[in-house]
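Following this line, the structures themselves.
Look at the two complexes coming up: chain A is in both, with chain B in one and chain C in the other.
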Partner chain A sequence: MTRGTPSRPFLLSALLTLSLAASLAACGGAVTGAGAGGGAGDGASGTPRRGGTLVLGENGDEPACLDPHQLSATNTTVVDRPIFDSLLWQDPAGKLHPWLASSWKVSPDGLTYTFELRHGVKFHDGSAWNAEALKANFEHMRDPATKSPLAAAYIAPYKDAEVTGEYTLEVRLATPYSAFLNVLAQSYLGMISAKQIKEAPQTTCEHPIGSGPFVFGKWVKGQNITYRRNPDYTWGPPGAAHTGPAYLDGLEIRFLAEDATRYNALASGEVNVIDNTPPVNVPDVKSDPGLRFASIERPGHPFSIWLNTSRAPFDDVRVRRAITLAVDRRAIVDSVSFGQWKVAGGFVTPSTPDYAGDPEGKISHDEAEANRLLDEAGWKRGPDGIRVKDGRRLTAVALDTGAVPQNTQILVQAQAAAAKAGLQVKIESVTSQVQSDRTASGDFDISVGIWTTNTADVLWIQYSSANITTPDRRGQNTTRLDDPELDRLLDDARKATDEKTRAGLYTRAQARLIDLAPAIPLYNRPSLVSRQSTVQGLGWDNAYGAVNFYDTWLDR
Partner chain B sequence: MKGIRPGVWLAALVLVLLVAAALAPHLFTGQDPLAVDSARTLQPPSAEHLLGTDENGRDVYSRIVFGTRTSLLLGFGAIAIALVGGGLLGVLAGLGNRFVEGLIMRLSDVGLAFPELLLALVVITVAGGGTWNALVAIGVANIPNYARVVRAQTLSIRRSTYVEAAHALGLSGPRVVLRHVLPNAVKPVLILATIGVGTALVAGSALSFLGLGTPPPEPEWGSMLSTARNFISRAWWYGVFPGAAITLTVISVTVVGRWLRLRSEGRTS
Partner chain C sequence: MNRVLRLIGWRLLAGAGVLWGAATLSFLVIQFTPGDPAQAIVGGENAAPTPEVIAQVTREYGLDRPWYEQYLSHLGRVLHGDLGTSYRLHEPVTQAIGEQAGATVELALAAAVVALTLSVAVALATARRRRWVRGAASGAELLVASTPSFWLGILLLTVFSFGLRILPATGSHGFRSLILPAFALALPIAGVLGHVLREALEEVLEEPFIVSARTRGLADLTVRLRHALRHALTPLVTMSGYWVGALLGGAVITETLFTRQGIGRLLISAVDAKDLPVVLGVVLLSAGIYVLVNLVVDLLYLVIDPRLREVPAAAGRVVEGAA
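Showing the complex of A and B:
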């Protein structure tokens, strides 16, 4: 043999064993090597100091572009909030406050919004924030050339706007839209320099210019994004702990895709903060005197198992209800998240306005009822335990990319629960492109997903028959649910101009969804943020439930 | 069999057990390797779960036992492909004219320039993942190795007196190749291949580790190791035992292969 001397296999196996030993050693470091002792308490203590660069370890879900209007990526708020301010600020209780808008008025018919804008705000390129700039942003969001996957949908009822004064914009909607002000508080609708939108719209992706507390520095794709402080910043959000420029000189967001790598980077002191703390490591963080842990629950639709209601077997509501009851959601969520995620209480999360939950406890774990429903639907147990009807076996195809280990775990455990009830689930490993295409075209039975937004209008996005994907338009109604009664409730809630009416309609819509069972709501996804104890004043963007560094400082 | 070191006996015993586990895993465990239990995830080794449970509450021991078949299949199957492919090309190069020999050998030089795992990754990128594709990928990547050795053997046998004698006796060309050249050229390569099995097994595990080999939920040692690395701070048993299974198998295959080689060379260990 010219290659592969007898020692070669030894070498290779030794390498595998070594890498194992290395990760063991790295984990051992978590206990002792976490740097400065635990002198500092939780939250902001002592006098904030200026200076230093904070490094955040983020997961591998790197946005393809930094223009917030062009994004639907989960990490948009984390990477874009430092650069971009919004018109409104949402407080932890869900109430909206003035930010780049100093006040606003809504006409009684809910069709005209008049925004008075804050004076003295400047974008990073020196251009001024005014009514023209706000109008340019609305037009940019809905411009087909922007190909906005989210912002455009969030302002879909926007018709036109009229500049009635340097700092006054009158916005007209085609239909009343109760979620309009809420979505304006999200980073996806952050305000971009109007000068850049007009003069160089092709640069908004790679060189974003906003008015935020940090100025975009450099983006090395697949690696990191760096920011530096905006020294002119005096328009921090109303909920902030301080005014004026940010304390940090700079910020670096480093993409560390591997869960273990990200956690070890924090434990070894290589990064100051990590987002998406692997649930398995949360107890390690909590028991480490040099580390601190904090979390915030995200509003919107809980992480769920989508069931394709447009084809057999899930076109039968009894089969959908049966699998919902067959799955022990608590056992799955607890085991996958090591107790770090809360089991979903309904079709929106409790941190969403107009949350109604599941007052009758219909989304419970009840195997007997699951079996009864399947019997009633005509599916009889076959010799191998899998049910059969008219010679057809009760099977369903689940799509999984394998990219998120927790999602695979959820599917594997749900698969076992379904098999017990007589439903055979086949998990197909596919690429994310194939998964995206097949969920859009309806060529699947089971898929998983989540939609985070700060209004119950998420139900219209996910379940209105208007949002079923057609050849012309990509909609977000993954389950392809088409229920006239639900459509009417969601449309009416959307157009309601009165808060009470809206809340009543959303309560009925949530109850209707529990009966229709188009999805199995699993857990309310939190942002799990871990930091070294020297990091003080960590804040949140409440409209999305993501970490915010405006008030943050390093206690060195 | 006097004079055989106990280590070789031990390695042979391990191999026998592994082959038995691959053929009849049910004899070694009463538990279903796919049985999920959400309430008992990442449990440490106990009487009920000898090597603990994994992130879905499945029994690690029975997953290792049931994973033996796939892992051995990857090792032996890949080398079988390399042996057949490399053997044919090698004999062809050894007996063919200058042009055929040049073509085969230059191609094999190009193949040898790349590490096996890299070649396997290229094959998988084109053909897609999965156990069988991984097997073929590793096998194909190993062909140049074997082609080269078989060619060298063929060249020396071709000029040996017994082959000349066979020709002189008037035997036909193909008959000489099939009856005399091929068996003698392949014999030493077979012994070397036992060592190659170890390399191929590790390569197969590496591919599964990267998520390109056996897809979940089927048990395979490399993919178990891959998932286990996320839970290593909580569940050492989950990563250590599949890793130990790979290491033990490769060492056993190599020890036995090495003994066979020394024996064939007329030396004793």
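Showing the complex of A and C:
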């Protein structure tokens, strides 16, 4: 479960913002259309120029390691995509295209994937990309010694692979897994030099070697990572605006933990681009003639309030629907994001392949209906307004770590809405370790979280009964939903070898979830990227929803 | 000289006790913190470790052995200077701390120089001066002493980085990037020290030996520098516990605010990721620094006040007083 990106010392940021408000008010000017184009690189003008080093201000969530297979951190794509290419590339519409794989074939039983690989690709250490290299990467992801927190799980059905030609690899799965190709487009499953994996696996964290448009330079922990252009790069992703090496000579990613420092570093020209623009500053960026703004929504499961369906009161679907109806999601999301996050329409975000448009608008705000459902479920108003049934009060325990101020605000506002409907929410402040343990053991009623991944298989991760935590295995089904019909739909979708069939199954699963109401979807988390107007050609990695610098150039 | 050696001996023994206590406490905290450490090691956000990965981690970190075995090997490791392996960084804690220590030492030393220079200069210039001069100095000291260093940092950033744009807002390379953080960290400390120093100076300046120095015709500045200052320095040394603590604690915030490398940044990420070995490594390091500072302070007393070297009762007092 992710905690999200907002900065830690909230007070600090708030104070800094206030202290700077006056000086920045002076910078306000004409409103310019920002982020109107298809990608982040809107309004690219003139001929791209080679040269220069771009500095990106990232938030303080610095990865602990740069080996993508050893990471689950949110910023993995931003820091690793410059270095690592993937087997496939996902376009903005969610379609998969050849990248380091030139083509692939799936057997009718969905158990064998045959990859034909691109010729002429070289890793930064000079070693060649071939079928052996791909196999070494799969084995590295799966090897328990790699301690992979995510990649290993994403290729869990991988059984073995056979090199059938210099550039041909036959991969066998233990069970059909239709999301296999999708996850291969994510940077978490980026391709590492096989030579490094074999000869010096202990160096992949500190000195990552990939085949990407930028070569890793230096990592000063707690501060920045620098990269330089890969002059041999001729295998850019198919959606890119150009071919050949990157335009930028170099790239620097600086970790600026303070929201306000990050924003002001951009406003004062100390950095060229910032990721995780503080939502409160987005209007400032939009009104500054020297700055541009763009955003992309991340695929996967929207940020949601989880309801524990395995115990009272949320074991009753009417109570779950009632609290969903009682909460004014738009008001909550607008207030915590200053209007910068979009309210979620369903259980997967629109930028996810196999997203179904139908459920949009089906999750509504209707207090009368919420009250009616609770009446129907037998919960009658007590003297203090809280409902009672069989001598039991209608109460729910919410867990909150206080680490992310927005999450606390969300719970407090949901608490107020629930109270109006006669449901008392008790917010317990706990440490993140206690929260994670109690969520895993089901000792809670309400919790919050999000899961970003580029496949509707996220529904299997979050809601399949196979993913309810047991003493032997920790799963991600936080709501502990156990619905045979949904299980069947999600399992069939995993087995589907035909895209249409799969999409149909996921559409039904999404509709089923609206009925089951195991969670209250709140918002689709975006990447909010701001830049100097001299930065041209920013792109996106659509498989995660993160900024990408392959096409970027500086207009000086 | 015997007395000095005995003092050092006692101090080192007590220091060893403190470190053993810190090491034991740190082990207990790790052991009895709720939650599976294996989850913390491969956990973190958005993580879905497979059972095979959890099993590997449990074996590799020795989490499946009984607690007393883990305690003894933990103590043994600490004795050998091994603080364990970071959950988050998957590298030795000593290495993680070593990579970051230089930047923190640089910042703390720079801030100490700024704080001491400022406080001594202001105290010398304003002690026993006209009422409004002392009032103004005292007011300014109170103001900076009661201002949190992050707020000061924000002001400095606003003026010098984002406003005038003459100093960098972030980074830890070169002298220029050191100026703002050093002042942000030093000013509150300088405020407290300046206050204490002036009061001590004023007391000393009324002593008979000062009057006799003046009657010999010495200039005011000479009297202050040569005769009064040495006596007034004792409280500054006594307060070293305070300002070393303030430097270490303040570094956490200052490093975050100015995006500097350092132990403070390391500690914050470690706390965030439940990386207990790193947190406790920093605790152990801090305990070690305090032990060292106390030892140095006791020795400094002997340097500043020669009487302590000769009068047995006085030396004894120092040992007890500082223990």
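We take it that the second predicted complex is superposed on the first by the 507 of 556 C-alpha atoms of A that agree within 3 Å, B and C clash if a C-alpha of one lies under 4 Å from a C-alpha of the other, contacts with A are read in each partner's own complex, and residues count from 1 in each chain.
The rule is simple: a residue touches a chain if its C-beta (ideal position, glycine included) is under 8 Å from a C-beta of that chain, and two chains touch if they have at least 3 such contacts.
If you're wondering where the values come from, they're calculated on a predicted model, not measured in any experiment.
Colleague: Could you say whether A:Q415 touches chain B, chain C, both of them, or neither, answering first, second, both or neither?
Modeller: A:Q415 sits against chain B, while chain C stays out of touch.
Colleague: Look at A:G212 in the shared chain and tell me whether it touches chain B only, chain C only, both, or neither; answer first, second, both or neither.
Modeller: So A:G212 meets neither chain B nor chain C here.
Colleague: Going by the contact rule stated at the top, is it chain B or chain C that touches a larger number of residues on chain A?
Modeller: Result: the larger residue contact count on chain A belongs to C.
Colleague: So, A:P144: does it touch chain B (first), chain C (second), both, or neither?
Modeller: After superposition on chain A, A:P144 lies in contact with chain C alone.
Colleague: May I ask you to decide whether A:P405 touches chain B, chain C, both, or neither, giving the answer as first, second, both or neither?
Modeller: Once the two structures are laid over each other on A, A:P405 reaches chain B alone.
Colleague: Could you look at A:G94 and tell me whether it touches chain B, chain C, both or neither (first, second, both, neither)?
Modeller: In the superposed model, A:G94 contacts neither chain B nor chain C.
Colleague: After lining up the shared chain so the two structures overlap, which partner does A:F255 touch, if you call chain B first and chain C second: first, second, both or neither?
Modeller: Only chain C; A:F255 stays clear of chain B.
Colleague: Using the touch definition from the top, say if A:A64 reaches chain B (first), chain C (second), both or neither.
Modeller: In the superposition, A:A64 touches chain C alone.
Colleague: From the superposed pair, tell me which chain A residues show up as contacts to chain B and also as contacts to chain C.
Modeller: 1-3, 8-9, 12, 16, 20, 23, 260
Colleague: Sort out for me which residues of chain B touch chain A in the complex.
Modeller: Interface residues on the chain B side: 34-36, 38-39, 41, 55-57, 112, 129, 145, 148-149, 192, 195-196, 198-199, 201-203, 205-206, 209, 211, 215-217, 225, 227, 229-234, 236, 239-240, 243, 246-247, 250-251, 253-254, 257-258, 261.
Colleague: In the complex formed with chain B, which residues of chain A make contact?
Modeller: Those residues of chain A that touch chain B are 1-4, 6, 8-10, 12-14, 16-17, 20, 23-24, 27, 30, 259-260, 278, 280-281, 284, 328, 331-332, 334-336, 338, 402, 405, 408-409, 412-413, 415-417, 427, 429.
Colleague: In the complex of these two chains, what residues of chain C are touching chain A?
Modeller: Checking each residue of chain C against chain A gives 33-36, 39-57, 86, 88-91, 99-100, 103, 150-151, 154-155, 157-158, 161-163, 165, 168-172, 253, 255-262, 265-266, 268-269, 272-274.
Colleague: Which chain A residues qualify as touching chain C in the complex?
Modeller: 1-3, 8-9, 12, 15-16, 19-20, 23, 60, 62, 64-65, 70, 72-74, 144-150, 152-154, 156, 205, 220-224, 254-258, 260-261, 264-265, 267-270, 403, 432-434, 436-437, 451-452, 461, 472-474, 476
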